[in-house]
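Paired with chain B in one complex and with chain C in the other, chain A is shared by the two complexes that follow.
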Partner chain A sequence: MRDDKPGAKYGRDEWAQWGVALVVFAAVPLLGKKHFVNMGNEILVMGLFAMGFNLLYGVTGMLSFGQAAYYGVGAYTVGLLLSKGVAPFWVALPATMAVGGALALVLGPLCIRLSGVYFTMLTLAFAEMVWGIVFKWYDFTGGDNGIQGIPMPEALHSPLRYYYFTLAVVFVSFWLIRRIVDSPFGAVLQSIRENPERTGFIGVKVRRYQLAAMVLSGVFAALAGGLFAGYQHSIHPDMLHWTKSGEVILMSILGGVSSFFGPLMGAGIIVFIEDMIGKYTEFWEIWIGGIMLAIVIFFPRGLIGTFDTWITRWRNHGKHAETAARP
Partner chain B sequence: MDGNLLAAQFIGGLTSAMSLFLVASGLTLIFGVVNVFNFAHGSFYLLGAYFAYQAVAVSGVGFWAGVLLASLGAGAAGVLMEYFFLRRIYGRAGEAGFQILLTYSFILILDDVVKMIWGTDYKSISKPVALAGSFSLGEVTMPRYDLVVIVIGLAVAFGMWAAIRKTRFGRNLRAISSNREMASSLGVNVPLALSLVFGLATALGGLSGAISAPVRTVTPGAGIEVIIGSLIVVVIGGLGNFWGALVGALVIGEVTAFGILFLPQWAILFSYAVMALVLIFRPEGLLMKRGAVR
Partner chain C sequence: MENTRKPPPVLEVRHLSKAFGGLKVTHDVSFAIPPGELSAIIGPNGAGKTTLFNLITGKLVPDGGEVLFKGERIEGQSPADISRKGIGRSFQITSIFKERTVLENVLVSVLSREKKTARLFRRATAHGDAVREAMEILATLSLEGKAGETAGSLPHGDQKRLDIAVALALNPELVMLDEPVAGMSPEERAITVDLIRKIWKEKALTLLFIEHDMDVVFGISEWIRVLNQGVLLAEGTPAEISRNREVITAYLGEEIVE
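Right, the complex of A and B next:
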């Protein structure tokens, strides 16, 4: 999928990006409109979901089409634990990570038995299975009614407070993802992306690392789902639907899978576009499909990637001119 | 349990197996020859169903003429997709991922196009009058229409086998599938053959949609159900293996038919369970050589 040079580092010079992202998101409530806080929250949640997905796709090179299962299971963990009064939010939110990871440990070994297109389709099929279970198990999940009125702790009742809580959780997760990518473990994941066979030849147990990437990605997706459930106070089986998996893929490739903050930027753009389109037409799928088609054909490196290429070309152009001018 | 009920269930399973097989065989043909996983293949089933509705229920063309038109229409749409879009990404680094994303975007686009043209209500068309009744074989009765669907499915299976094994075109396809470059340098018009295969396979998807329209209501969004059903079929049989698609379709058709009898609410889970078992014990599919995939 990625077409940069082998061994190219995943993301670089991004201190400025961290700063800009933090300042922009922290400043959103200053705009003074509740609508912007809602959108900011959705961008943060989907951004975390997309960055977790990219750990699998951009970093390890595994295109999963079933991440919505983990996202939705995270949301249902919060929804069920809270609405049945089993555990408080402060327990339920970390529990989403355990549940998401556990689900990946069950489905992962089946999916990684095949690779490439087969892997993608298996993740999709098993995610549809999870969606089917949530959708049909009325007694437990409420079926297609979903769960409404999830009770939240007093401290997080105001949308503004919850927004800053989400901001903190999401940025700590981003930092964790960055640490994972930079670790020796992350280096092995990137080497699997570049060439699974050769990575195997040097004695790495490729499948084990692929499973670990699936588990980590599932953990962050479930955490994002849990955060979303806490904000909306209601959840619905649509959160597990395959279009949700497609949406998170689109966000990642739109921003650029080879840049660290690409998926977050893609999430911002898509949430914004969906908000705009939603006002004018019910036919939003054709827009999303059209954008995806345009990216695949014209901008396969995503927005940040394309921008990077232009910058490099522009710089090199200058250099070539200098060399030519030399006697 | 009463034997007639079991037999009726068996025939019902056989009928849905044939409709699955028509889609899955196209999927597996495209994968085998063009080396593309056409994620949007279910959308051509959808197009076929709606084209048939348009021709038969709206324009009043005869049933079989409508089915023929629907298959041709879906095939033409498939050729357009291959010629104008897929062709642009052949041979690109990381092609497989881009194929999935490109064909995925077509699922979304075609879904909305269908909604824009025909609306979101359920549509149905009636069976041709001559096939409305049922047919008895001793104790067992079966709808005549089901019998026709089964015959069409088997005829297509045999016809495709003969076309691939016995004709010059089929020989070219086999050559392309084993080495595209070599086939091209030996004078096979590869781009044309790829477009034709795409058209043929999507026409089969359209045919499946058209002949299923009288027995299942037509709704937008059916595309994804169909693609997941046929995905399970090809994983069981082995992707790229023509007879595998037939075996996989029979297994899934029957497992679902009998699953409904015993555990109606969870019938859908049986096919996933079968797929998981195949993946655990024979990940390359039932009819593939060991180690063929990976």
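Right, the complex of A and C next:
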């Protein structure tokens, strides 16, 4: 038997990627600029959001255009519980996962009745409904004012401490996602992506697994939203807007949906571009559009995915040359 | 012999009907398959052979009639439920998980049968028994050497055999193969037919297949059913079918009969 393990196409060099990612993020505060810590925090949060989204899209093959609903609901869970003094942060943050999962349990069955682009449209429609409720329900959510001055526990007051807290939560989540992708459950999700019909014919109730994928994806999105609320101390209904859903799709495709760390890489690039180009021009979206175009043309499998292909090709080069030499 | 009673059929189809619009693709079809039989379904294109498979395996819901698997009615149930009961099938247009490895294709099927697919945190490949079983199944189809390759990169014949392997991983009592050797070279055909017959014997399966290659059909079948325009035209032993006037006119043509 070969040494190849299932999910091997997620990158044989993944251990190196884990190492590099951890070292880079752990080292960000050493640069000594508050600005970089903020940026690092945002990349981690959006990275978690995108990696959770990719469990649905890259792994299961379901393109949701409504993930911002879960992200936003997670943020509002923290915002509301803390600002109304109902629960401390240590309870509110795990609660985001329960709330995100519960929302997916409600919306999921309504969306997975359809597939393909119709599924995508339904996720968008329901997410917009959730956005509408948060936007209009002044008495409860503060409407378009959002929630400001979310009181955080003493231990996490310093941005540096919160950064490392986020780093820990996000990387534990990455590890959980990795385990899920490699598990028998993950194998079924990938089978559904490849061939939903055949997956039914091996005795799998496909919709049940699609719903489970939506729930897990919602759980991680909500956790990311909760982390964001804790770091920004203020939240806004824009977090639930469809543009936010579009942003994670963009990030995932940019980094590569079939490589494990692709979405994190995409998150890093987009946050970086917004920050850098945003300083010089209001029209940074044009730049993102241009870069996206270049990626789609020159890196069809996303940045990490394409690099993986190059590395594999380079490694196999010797072998192929040998084969070719044989008469 | 003390017990002369015939064993109850593994699969029984009673008055099965299906129409697409005005076209009756399956019209009042009835037959019973005794356990352990290796039988073929033949008929011209559009005779309703694949439709019949789809009605039995739950891809289509019949308009009328019954499908009984080991005495239990299963018509109208989902493919997932029917597969779990013990019917495995392969597809005319090869249906595998192309971006996954050959091993993963079969492993997920084994894990599904063992009801282990709700496991979230243990690696699929850490299920040693399941991996071993998947490798054994691959070996029965001479695919064990390609376990680590991406399924979609295999040559056509290997993909066809992998399709069968995925079905066998369910450990089914009834295996239904839709044109298992279509598009293969003559040598590959011979090898695959031998493998199928060997698996049928060793696992004591009931095996039903659709095929257009009459050498294969008459070479290995114990029983042949002929469909024509949605109707079961005839059934019998290969010898009987090759002499049947109606079948010759509708499908076989004269050259088969000496």
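We adopt the following convention: the second predicted complex is superposed on the first by the 293 of 327 C-alpha atoms of A that agree within 3 Å, B and C clash if a C-alpha of one lies under 4 Å from a C-alpha of the other, contacts with A are read in each partner's own complex, and residues count from 1 in each chain.
Here, a residue touches a chain if its C-beta (ideal position, glycine included) is under 8 Å from a C-beta of that chain, and two chains touch if they have at least 3 such contacts.
What you see is a predicted model; the values in this text were computed from it and never measured.
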First (chain B), second (chain C), both or neither touched by A:197: second
Contacts of A:186 with chain B and chain C, given as first, second, both or neither: second
Touching partner for A:290 - first (chain B), second (chain C), both, neither: first
First, second, both or neither for A:261, with chain B first and chain C second: neither
Which of chain B and chain C A:133 touches, first, second, both or neither: first
Touched partner set for A:116, first chain B, second chain C, both or neither: first
Residues of chain A at both interfaces, chain B in one complex, chain C in the other: 1-3
Chain B to chain A touching residues, read off their complex: 37, 85, 88-89, 92-94, 96-102, 104-109, 111-113, 115-116, 224, 228, 231-232, 235, 239, 265-266, 268-269, 272, 275-276, 279-280, 283, 293-294
Footprint of chain B on chain A - complex, ascending: 1-3, 63, 65, 110, 113-118, 120-122, 124-126, 128-129, 132-133, 136, 242-243, 246, 249, 253, 283, 285-286, 288-290, 292-293, 295-297, 300
Complex contact set, residues of chain A against chain C: 1-6, 8-9, 176, 179-180, 182-188, 190-191, 193-195, 197-198, 200-206, 209, 258
Complex contacts: residues of chain C adjacent to chain A: 57, 59, 78-80, 83-84, 88-89, 91, 95-101, 103-104, 107-109, 111-113, 116-125, 127, 135, 147-148, 150, 166-167, 169-170
